[in-house]
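What follows is a set of structures to go through.
Note that chain A is present in both complexes that follow, paired respectively with chain B and with chain C.
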Partner chain A sequence: MKLITVLKQVPDAEARIRAGAAGVDLDGVTFVIDGMDEYGVEEAIRLREAGNEVEIVALALGPARYEEAIRTALALGADRAVHIETDVDLDPISQARVLAQVVQQEGADMVLVGGKQADWDSAALGPALAEVLGWPHSDWTTKLELAAGSVTVEHDTDDGHESLSMPLPAVITTQQGLNEPRYPTLPNIMKAKRKELAKRALDEFGAGAGLTQITSQQIQTRERLGKVIEGDAASAAAELVRLLQSEAKVL
Partner chain B sequence: MILIVTTASGGTLPKSARELVSVARELASGAQVAAAVVGPEAAAAEMANYVPQVYALTSDALQPLRAEALTAAVQQVAAAAGANTVIMAANRLGQSVAPRVAVRLNAALLEDVIQVSGTAGAYEAVRYSYLSRVTETVRTVGGDATVITVKPNVFAVAEPQPGGAVTAHAPQLDASASRVSVGQRSAASGGRVKLEEASVVVAGGRGLGSADAFTALVEPMADVLNAGVASTRAVVDAGWRPYAEQVGQTGKSVAPELYIALGISGAVQHLSGMNRSKVIVAVNKDADAPIFRIVDYGIVGDVAQVAPALTAALKEAKGS
Partner chain C sequence: MIQFELSDDQKQIQALARSFVRDNVIPVAAQHDREETYPATVVEAAHAVGLLNVSVPESVGGLGLSMLDEALIGEEFGYGCMGIYTILMASELGIMPLLLAATQEQQERFLGPLVEGPRLAAFALSEPNNGSDAGGLRTRAVFDGDEIVISGTKTWISNGGLADFNVVFASFEPALKHKGTVAVVVEKDRPGLSTNKLHGKLGQRASPTYEMFFDDVRVPVSNMLGEKGDGFKIAMRTLDKTRIPVAAGAVGVLRRALDESRKYANEREAFGRTIAQFQAIQFKLANMKIALETARLQTWYAAWLADTGRPHAEAAAIAKAYASDSAFDAAQEAINVFGGYGYMNEYPVEKLMRDVKLNQIFEGTNEIQRVVIARHVLQ
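Up next, the complex of A and B:
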């Protein structure tokens, strides 16, 4: 069976974000494969290691710099990759329409994609992709088991969690808790350089100009008092309560 | 026409439904507001106290609720109502259904908004990005309609405007709407103020040491403050606490008046779910823990000592 893992390259979560007049300034920022997408890559590899015969294709839509994240996925265990290279910041709904075409051309059985993007804070790509493909979908997935022609998952809901089963092909959105992603080894990083990375142009897919546009971005800074209260437990606690009452006025 | 979509799984309208009414009224300016209510008829009747036209989706085929069935139903109600704008709460269900609806309606999607203005076809919204560290303005520039998900607990709840009409709507569902089968479900433990609606939140992390310590240190403090209880992902993964309590990038996003973090180091994924809180307090033994970079008040110390002392001091303050 064929698994497609969709990935984004995003600023390292620990990296300091700056904003200029033109919005978020990513110059000099360290980029990594989006952690949420990494769970999908890891899960695909584990499905192979569990004895399933799978081909893993990494799929990404984004600027040239994404190549580094794609190579990471190849080093982790993806067999080959498709990169739709563009500098256009296409909204997730429009992206889904483009990515779905590749998924269909590949004849994939399952798409794994991160549940929430660490750059746009968007949770739309997975469900939109499922809708364009006409496939079932599991969101916020924390456990996945493959059976003949179907998949059983556990996923988080608003009230708790539940188990679902659905026929393949399906879209699975992944998140923390699904697995513990591995690190690429040096020999595999070397090997990944020889794996196939097909480049496609956005023009091939008839993508329009997009449905939404970001017009401004600002760093959200809330002034914090940053007061450290000293003393033993009882006196520090008493001082904190006094400050919450008289200074912060939240009690 | 603006269509509000809400569910009433517990039988009554969630608070978010009345927040959506506020958003819809703000945007309506001349255009009418309608609502689709999934759940018992009583919930639809309750909604008729807020909007002029309510579609009651009481069909058993929508229970248990699945994204595909709800998507089809919303598409049909939107067509019946002549809606060019669909708004939903940005909870987990809404975040999964809204993109599907947007694809169906060839609509632009504005996700998890904290402000929205403008008219159909030219909306402008404010939302957070980059793990809630950036505030951005987004506008719609295309599409035949707009789908908006609204961040819970940001907008005021609407006042009633009674007199709305309720129309029953039976969705036409094809086989795809039921191909996902729902197995075992676990619901959150009740009895405490809902995390999303709490004005004070007491949160615990791995630094508490064990599930028993979490219960012993966090719950009494939450009781004294009538607070919601929150957990980090690590605590949920360790099986100490239920999923519904998780706050962070993959959990709930809260912004209470007061957020007390006990034994939480402050991974950026957790911070993204609570860094909008008005006042943040942290107790942690590691003075270099990242949580201390965003606190208003911090106590560096053993949480097993400080938390009970704080609970006692809070109890005394509340009692006086």
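Up next, the complex of A and C:
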């Protein structure tokens, strides 16, 4: 069977991000493979190690710099990769429409993608991909077992978690708890150089400008009220409780 | 044309080494330092991800990484624990003479096994009464038919007693001085070889250091590297290269000193503000940054010269002396930033100073590096 792991390259969690008039400034930022997507790559490798005959294809849509993250996936154990190279920022639904075409061309049996994308903090890509493909979908998956022609998963819900069984092909979104991703070993990093990395252009897929346009960007900063409560301790405490209840609404 | 960009492979090697050190080295560094114990699980884990013995050539099953690759790995390990890095570094030091002078058969026999398990190599040059004067070796090599009989004592040998093999330098004809020396591979299990782990080092206490006694140890002549008389030359050509990882480890220590100082300076308050707001502290951080950037550039430059087959002895000596001297200065300034806390082993900076002191001494003291540099200046 064929597994596709969709991945993104995002700023390192420790990177300092600045926003200017022209948008988010990523100059000098270190990029890594999105941690949420890494769980999907790891799960695909584990399915192979469990004795399943699988081909693992890493699939990414993004700028040239994504190649580093794709190489990481190849070093971890993906067999080959497809990179749709573009500098265009697409919303998740437009991304899903492009990625779904590759998934269909490849004839994949399962797509693994992070439950959330760390760049824009969107959790839409997996569900949108399932919608475009018309496939069943499990989000926030923490356990996955393959059977003949189907997959059984556990996934988180608001109140706890539930088990689902669904026929293949299916879209699975991954998260912390599914597994513990390994390091790419040095020998595998060297071998990854010789693995196929196919480049595709965005205009092959008839993608337009996307459904949403970014009109402005800001970095969220915590603003202080600078409020000083006057009076003796007892009345100041009473006023503080009132403010926390009625204004801050945290009590 | 000049460019400072690492290749994609190199960025991945760097990222792997950084994650590995964060997860496997930093959490155990203080304990191995205190207890003076060998970090076997770290060495096993390093082997499992391929970070051990990285210079073993592809032709005998290794990765054949370059000196620049090694410098990237060295900086990351130096950041985590210079003592633990010395175990890996000293193994590469034991491998280097074979890269320079071994036949393909010798490389297969000695280097091939080093990639199959968490195994180490070592380099045995220093003697109790002979360090910098490498031409005055007292260890004897007597040629007896198709065997070489080695007798004498070596000391300060990192990994010596643990290594699968030591490359031992000995004199077969003292009157010939440098030209009377040989480099011989001596396997661990040869009868007559005994070792003693030394205790009481100031720093780098996770790295096991040995004295080694050769009591008429017999090895086949086929264990000799190069020709009779090549010993000193092989030792010097080895050190001209392996001083680069010593510099890289020091760059890692420097980066750690800066990181720890920056973090502490942003937390600690005095006179109503964080101490990072005082110029006295800012200047220390700035000086560390100046040293970090320049030491790394010189280290990478020396590595690039070595990798592209250019003369690199002087550049490597500059990198080694400059990186280790400035890392020592940065580590002791980090203690000043921390004040009293910096003097306690509860905080990581006093260990940086104890550890990097050794980078100023081993693989040729920094005085010897200056002799090498001056020789090039006066040439």
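Here is the rule we use: the second predicted complex is superposed on the first by the 222 of 251 C-alpha atoms of A that agree within 3 Å, B and C clash if a C-alpha of one lies under 4 Å from a C-alpha of the other, contacts with A are read in each partner's own complex, and residues count from 1 in each chain.
To be clear about the criterion, a residue touches a chain if its C-beta (ideal position, glycine included) is under 8 Å from a C-beta of that chain, and two chains touch if they have at least 3 such contacts.
Fair warning: this is a prediction, and the values are worked out from it, not measured in the lab.
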Chain A residues touched by each partner, larger count belonging to chain B or chain C: B
Touched partner set for A:Asp139, first chain B, second chain C, both or neither: first
Touching partner for A:Pro184 - first (chain B), second (chain C), both, neither: second
Partner chain in contact with A:Ala118 - chain B first, chain C second, else both or neither: first
Partner chain in contact with A:Glu67 - chain B first, chain C second, else both or neither: second
Intersection of chain A interface sets (partners chain B, chain C): none
Chain B-touching residues of chain A, taken from the complex the two chains share: 11, 13-14, 17, 19, 23-24, 36, 91-93, 96-97, 115-116, 118-128, 130-132, 134, 136-140, 152, 156-167, 175-177, 208-220, 222, 224-229, 233-234, 236-238, 240-241, 243-245, 248, 250-251
Chain A-facing residues of chain B, complex: 9, 67-68, 71, 91-93, 95-100, 102-104, 107-112, 124, 127-143, 176, 179-188, 200, 233, 236-237, 242-244, 246, 249-251, 257-258, 268-269, 272, 275-276, 278-281, 287, 292-302, 305-306, 308-310, 312-314, 316-318
Of all residues in chain A, those that touch chain C in their complex: 32, 67-68, 71-72, 75, 183-190, 193
Residues on chain C engaged by chain A in the complex (per definition of touch): 8-9, 11-13, 15-16, 19-20, 48-51, 54, 63, 65
